[in-house]
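Each in structure tokens, the structures are laid out below.
Below, chain A partners chain B and then partners chain C, in two separate complexes.
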Partner chain A sequence: MTETSEIEGMALTFSLQGETFAIPVTYVDEIIDPLPVTRAPNADAFAPGLINVRGAIAPFVDLRHRLGMKPAGPCATSRVLVLDLVVGGESTKVAMMADAVDDITETNLSDLEPVPELGVRWPTEYLKGVAKKDGALIILLDVEATFAPTTSH
Partner chain B sequence: MNPATQSFIQEASEILEGLDVTLLELEASPTDSARIDAVFRALHTLKGSGAMFGFTALSKFLHHFENAFDRIRSGEGTVSADLIQLSLASRDHMERMIARGPDPEAGRPPDAETDALVEKIRRLVETMQPGSAPASDGTPTMRRFVIDFRPSPDAMRNGLRPDLLLAELADLGTADITCLGHHVPALEDLDPTVCHLAWHVVLVTGAGRGEIEEVFLFASDGDLEITELGPVGEPASAPGSASEETPAAPEAAQAAEQVPSKSTSVRVQSHRLDELMDQLGELVIAQARLNRISSDVQDSALAGVAEEIERLVTGLRDATLSIRMLPVELVFGKFRRVVRDLSGELGKQVKLDTRGGETEVDKNVIDSLTEPLVHIIRNAIDHGIESPQERAARGKPEHALVKMQARQSGGEVLISVTDDGAGLDAEAIRARAIERGLLAADQEASDEQLYNLIFEPGFSTAKSLSSVSGRGVGMDAVRRVIEDLRGVVEVKSRPGLGTQVTLRLPLTLAIIDGLLVKVAGVPFVLPLSSVEECVDLPADEKARESGRALLRIRDELVPYVNLDTLFGFDRLDEDDRRIVVSSVDGKRMGLVVDEVVGQHQTVIKPLSIYHRGIEGLSGSTILGDGSVAMILDVTALVKRAQAARRVAA
Partner chain C sequence: MRLTIKTKLIAVFAVLIALLGASSFMALKEAAELQATLDDMVEDTAAQLDESLTMEAAAATTMSIVKSYLMEPDDAAATALAEEAEAEILHVAEAIGNMRRLNLTETEEAALQRFEAEWEEFLAAEDEIRELGLAKTNVRALETYQTQSEPAYGIVYTMVEEIVANVRERIASATLRDPRLATLEENVDALTDNLRALHSYERDLLIDNSAEKIEISQAGIEAETASLQDHLAAAEAVATGADRQALDSLSVAWQEWRELMQATTELSVQNTNTLASRLLKDQLEPAFDESFAAAAAMATMSRDNLGLAQDDAHAAYATSRNLLLTLGAVAATIAVVAAFWLSTTISRGLARAVEVACEVARGNLDIHAKSDKRDEIGDLLNAMDKMVVDLRDMSRAAETIAKGDLTADVKPRSDEDQLGMALRDMVVKLRDVISNASVSATYVAEGASDMSATAEQLSAGSNQQASAAEQASASIEEMTANIRQNADNAAQTEKIANQSAEDARQSGEAVGNAVRAMKTIADKINIIQEIARQTDLLALNAAVEAARAGTHGKGFAVVASEVRKLAERSQQAAAEISSLSSQTVEVSGEAGRMLETLVPNIQRTADLVQEISASTREQNVGAEQINEAIRELDKVIQQNAAAAEQSAATSQELAAQSQQLNAVIGYFTVADAGRHAAAAPRPAKAAPSVAAKQAPKKSASKTVEAFDLDLSSSDVSDADFTRYAG
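Our next item is the complex of A and B:
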């Protein structure tokens, strides 16, 4: 197995409102402590503001809003994930807040189970699948769908 | 591609651009001998340098072309409409020849297009009638020049061929060439790829200094000194004539001559300017941080340094920005040809009038402007301007007029294209918009709103409104380019009288002077160029909740708008709110903010795809304390506020 494919199989897990989510580590640029967010006027609730990530201005997105969770401020374990994404054909740095960053774990795509139709509180179009690790459930996000800007239509 | 070839291609395309303009001027005044000479010189230069850089086919082609103008120069022919047409076609052909790069070693197989043009030129030259000898009569005065030429050390590596240069020089007249080898080092130190040689030439020629300088056009990074010794026949001005003083003291002479012989302009690749601008942006942000620390520390020595650095950074910023500014004429110049060709093609008679070409805009704006302007001009001539018959029937002048104007207004540059054609057809636009699903069938829309629909994507993708040429170019592409430049497109039209499309562009793309304000605790930057004054919001106005929001400033009533309401922010319980008065299109409008913090040099960073669509924002920036502030687009804000007021009323 080559080194790149090893990295490709890795996922970063983080928690939001007690649930564990995962995104492939290849999208993660850095993890930083929470910083003040500048509110954008008349902004869409999914992208409420902007943040200064060491000299670069990144949009700050609210994953809680997208997943239909209640809004919440930062807590003691909160971290900001800075992601390198391609959105609408442009490569963009995007910042999001997680309640805690847990671990980097190997996800074996063959172990991934499809998301059950029932019993999931979140919009299934954002989810790629579910994996079990040590008896706990990890939800792998579909990065492209999850971070797509809200369309006005 | 080697750098010398690249430099040739660049210079050649500049020469071709100039040729375009000169030919069109020559069309207007066909006996102007200065212009005829200019065309001949341009062709001659291209021929010589083309051969030098391996564009042999081009050079051969130019030989015929040049020949035609040589005949005219010597009075054996005149400038005819056919010649201009053929010259323009040849010019375009040369552009393509240059674009395909140097000829391969084995030479290029003959191509039909070149041969056809050569044949046409040959026939034209054969049928030329002697004219009234516009150029120099008989033999020109022979003059003596002394030329000292030392190529730069790496000239050979860049592909310079001094032998061809000197041969070309000798072609101009009688040349006495001496090679100077004092700087050739001992054999063990000799790097054979470095040019150690210099040449001293005494040239007796009928050509002028300009023609001699053109020989060296592509060797301009070397040292060149041309001294004119006056007409031959008279004794040379210096005692001990030129040819004898040759190897006297070349070093000393060169040291003294270097300064005046260097050109006063420098060619720089534009990405270097962009790098400079990026660095400057970082510097401005760092300086803002220094200022903030200095005001926290309250140390007078530190404050002194911080102030001095601020002054220096401002100076550096202005100097850097001015390097990037270029006159709009660079773009306008290209359109004489576009208008000429297009009106001919469509059988319409159109005159182009350009004004304000000296207005300067950032280089990156200039680079992006050509394409949208071509779209707009095509649309104006194709769809806007009526056929000559229609014009006659409406009692309009036979020649239609397209005006391109540029002017600066505050922090913006306005570039407008106005035609005196039929104007936009609001009903046709309405019908098409409904057909395309851009407008509901029963939706009310003012003419102005309808006109703006032409910029919607999908509006003009199918057959064009007039379907004259099937060239319905997407005006949405125009809007996209202009918005990428943080600009705005506006269209005005009057039925039967014409249409005006105006591009409003920011003066610069990178750094502006801004006014930092706070609204509901959030920092915003207003471009200082759009701010007229700041006044206090009177206490009795604060409580007002009704729709009427007018403030008397001196003798004028100024409408104002609360930014917090407009932005959907909660109102802070501030006591001393302020109104920033700005002016858009000559109309004053107040923007109520909680606090005016002060002036702030602002490095503009573009907004991401998540926030780009928000009306009234034009970018973002980092403040001295590291927080992010958004830059407001005052024009868009005021429009939005006016629209909101109209709805409320």
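Our next item is the complex of A and C:
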């Protein structure tokens, strides 16, 4: 199990509206350049369109909407993260846009600190905790909760 | 007494005009009388004749119309004819009215009144006749008889015949004689006779219109009617039964016929046609004859008057013709005599005047033209004589002047004497001119000697001028050499400037090439940047893979992270190169722009230098021309010196000539006072002329010594010079 914990300890950090977020690397399938998004009619604001990743169709999730951030277009450093999720016991690919992808970093779950209920800008149910790295804060997302098709709200 | 031609002419013309006036007056008077007679003839007598004829014709027409309507059986036609007659009568009345308006003599008036009286009678008779004529009772009586009375008589007569036959049959058949029947037969038989007699009388009345016959017939009718009534009454008294009835109806028929017969009889008794015819014959025709005769008499009278007027006109014409012929003959005689007399007098006097004038025109002034005639010709000849005498005086004065004696005075004869005034003015002017000419000749002699001195001075000045001109020529040559050097330098400078401009243009092109190269480098750097980014992405994906591989991927993770670092570094370096190349492009662009502005400036400098070179060359040519001009000036100055010497000789000659002139003028005798007056202002005039001659001499010598050639004048243009070969 040490392997598993080690793997779980590796996380991909990316930035979104100036904040650094982290996703466990096990969920990450691929990092690609931004692609054109096909808007699906009458779609949910959380998953407004579809994207073609090497011939496979994947839903495009707008993480900014879920985290309550303002919508923004792609920039020079923008990348699309293709995630491998298990939804309803089936492996599914989901795409999301990040302002920049930073690094693969090692996170120790024991270093995680719980997110305080008050004074945080984001809904706490999507966050696993906050870790410190080189003086900066990294927010570790709860992938299952964040990319769940329906929310408890 | 003085009897001038004018008086003679006036007298003759007055007599002729008086005769002409008299004859014209006579002719006018006669013509006026003739016109009055003609007017009278045309207006009165002819009109009178016209009206008389109208009356005559109208009266005749009226008469014939009256006869026509008396003859006319038809009433309407007769009435129409009567109206025509009325119209003709109106014509006659109109003619009488017209006649009254004319001027009538007493006899004519009487004739007209006679006609009027007769015509009144005629009209009265015509009125009566018309009434009777239009009634036409005889015609109506015949008509009534034929249409009504005759049939009624037929009925009555048949009835009576029947009764008689009936009664006689019964008498014959009766065996026994009935006295009653006999009486009846007798009475009816008588009644038949009565009827026949009445019918006979009635017809007589229609046929015979004489008064006695009418009376007889009327009496017969009355007697027969009474007898018939008696017989009818007697018959009725004895008649019975059927006879009585027959008699009653007979009585009725009889009454009917009787009335008709009475009407016929009455009409016949009136007998108008006969009366009218008788009136026509007894009254109307005599009245007509009388009035017609009166009208004819009037016409005859008018014709006689016309004849008389014609005779008057003929007589007047004859009288005036004789008078005018006599007057004309007298006037013609007077005119011929007067014309002959006057023309002889005038032509003789004028011939003499022409002779005198011809002699004067030939220049012969020794002719005498005096005349003792007392008319205008005599005046003319005397005036010509006076003119000849005056001309003789004038010619004498002219002879004196010709001899050179200008002291004589000529007096003009009047203000209009142009010849006299001209002679007088000529003498005065000649006197003036001669004295002035003499003074002037003296001045000329003096002036000539002055002039020869001046000419010598002039020749000295000319020599000085020549040396100064040579100096100027040397200076100009030196200047020309300098100018040529300048021109060469300017040409070299021009070449260098052109080379610089070309170099600058090439530098500008090189900079442009450098800029393009830099831009290409920037494009290439972008490719490198893109490659670095892709490499970074690949390295990131590799890192992810490595991380997912766990412990087995640790080494690969390190490699991936190193590759990422390299990619980042190359990205950074590429960005630096990019910024540097963009800076270089900017700086090179600036250098290019500066060079671009530099090129035209250099070009302009080259152009200016070229212009300087051109103008310097022209200056060179100009300087040579100046040099040439100064050489020519030198020649001219030497010629001037020669001319000055010649003029000195000439002025000496002039002095000698003026002496001779003085001697010639001495021919004229002029009063001494005039000569002194003209000679007096001599020294005063001579003084300023000498001063004026001295002053220019000094100033001329000064100018020659300090010769100053001014070449800085800016308004001398190159175009003013001419280029010569060499």
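Basically, the second predicted complex is superposed on the first by the 145 of 153 C-alpha atoms of A that agree within 3 Å, B and C clash if a C-alpha of one lies under 4 Å from a C-alpha of the other, contacts with A are read in each partner's own complex, and residues count from 1 in each chain.
To be clear about the criterion, a residue touches a chain if its C-beta (ideal position, glycine included) is under 8 Å from a C-beta of that chain, and two chains touch if they have at least 3 such contacts.
All of these numbers come straight from a predicted model, not from anything done at the bench.
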| item | value |
| --- | --- |
| Simultaneous placement of chain C and chain B on chain A, clash or fit | fit |
| Touched partner set for A:Ala136, first chain B, second chain C, both or neither | neither |
| Touched partner set for A:Glu30, first chain B, second chain C, both or neither | second |
| First (chain B), second (chain C), both or neither touched by A:Arg79 | second |
| First, second, both or neither for A:Val87, with chain B first and chain C second | first |
| Contacts of A:Pro149 with chain B and chain C, given as first, second, both or neither | first |
| Which superposed partner A:Val101 touches (first chain B, second chain C, both, neither) | second |
| First, second, both or neither for A:Met10, with chain B first and chain C second | second |
| Touch count on chain A, higher of chain B and chain C | B |
| First, second, both or neither for A:Ala40, with chain B first and chain C second | first |
| From chain A, separation angle of chain B and chain C (C-alpha centres, steps of 10 degrees) | 90 |
| Superposed arrangement (fit on chain A Cα atoms) - minimum chain B/chain C Cα distance in Å | 20 |
| Residues of chain C touching chain A in the complex | 537, 540-541, 543-544, 546-548, 550-551, 557, 561 |
| Chain A-facing residues of chain B, complex | 282, 285, 519, 522-523, 563, 566-569, 605, 608-611, 613-617, 620-622, 626-630 |
| Residues of chain A touching chain C in the complex | 3, 6-7, 10, 12, 25-26, 28, 30-33, 79, 101, 103-104 |
| List of chain A residues in touch with chain B within their complex | 36, 38-44, 46-47, 49-52, 55, 57-59, 61, 87-88, 90, 92, 94, 149, 152 |
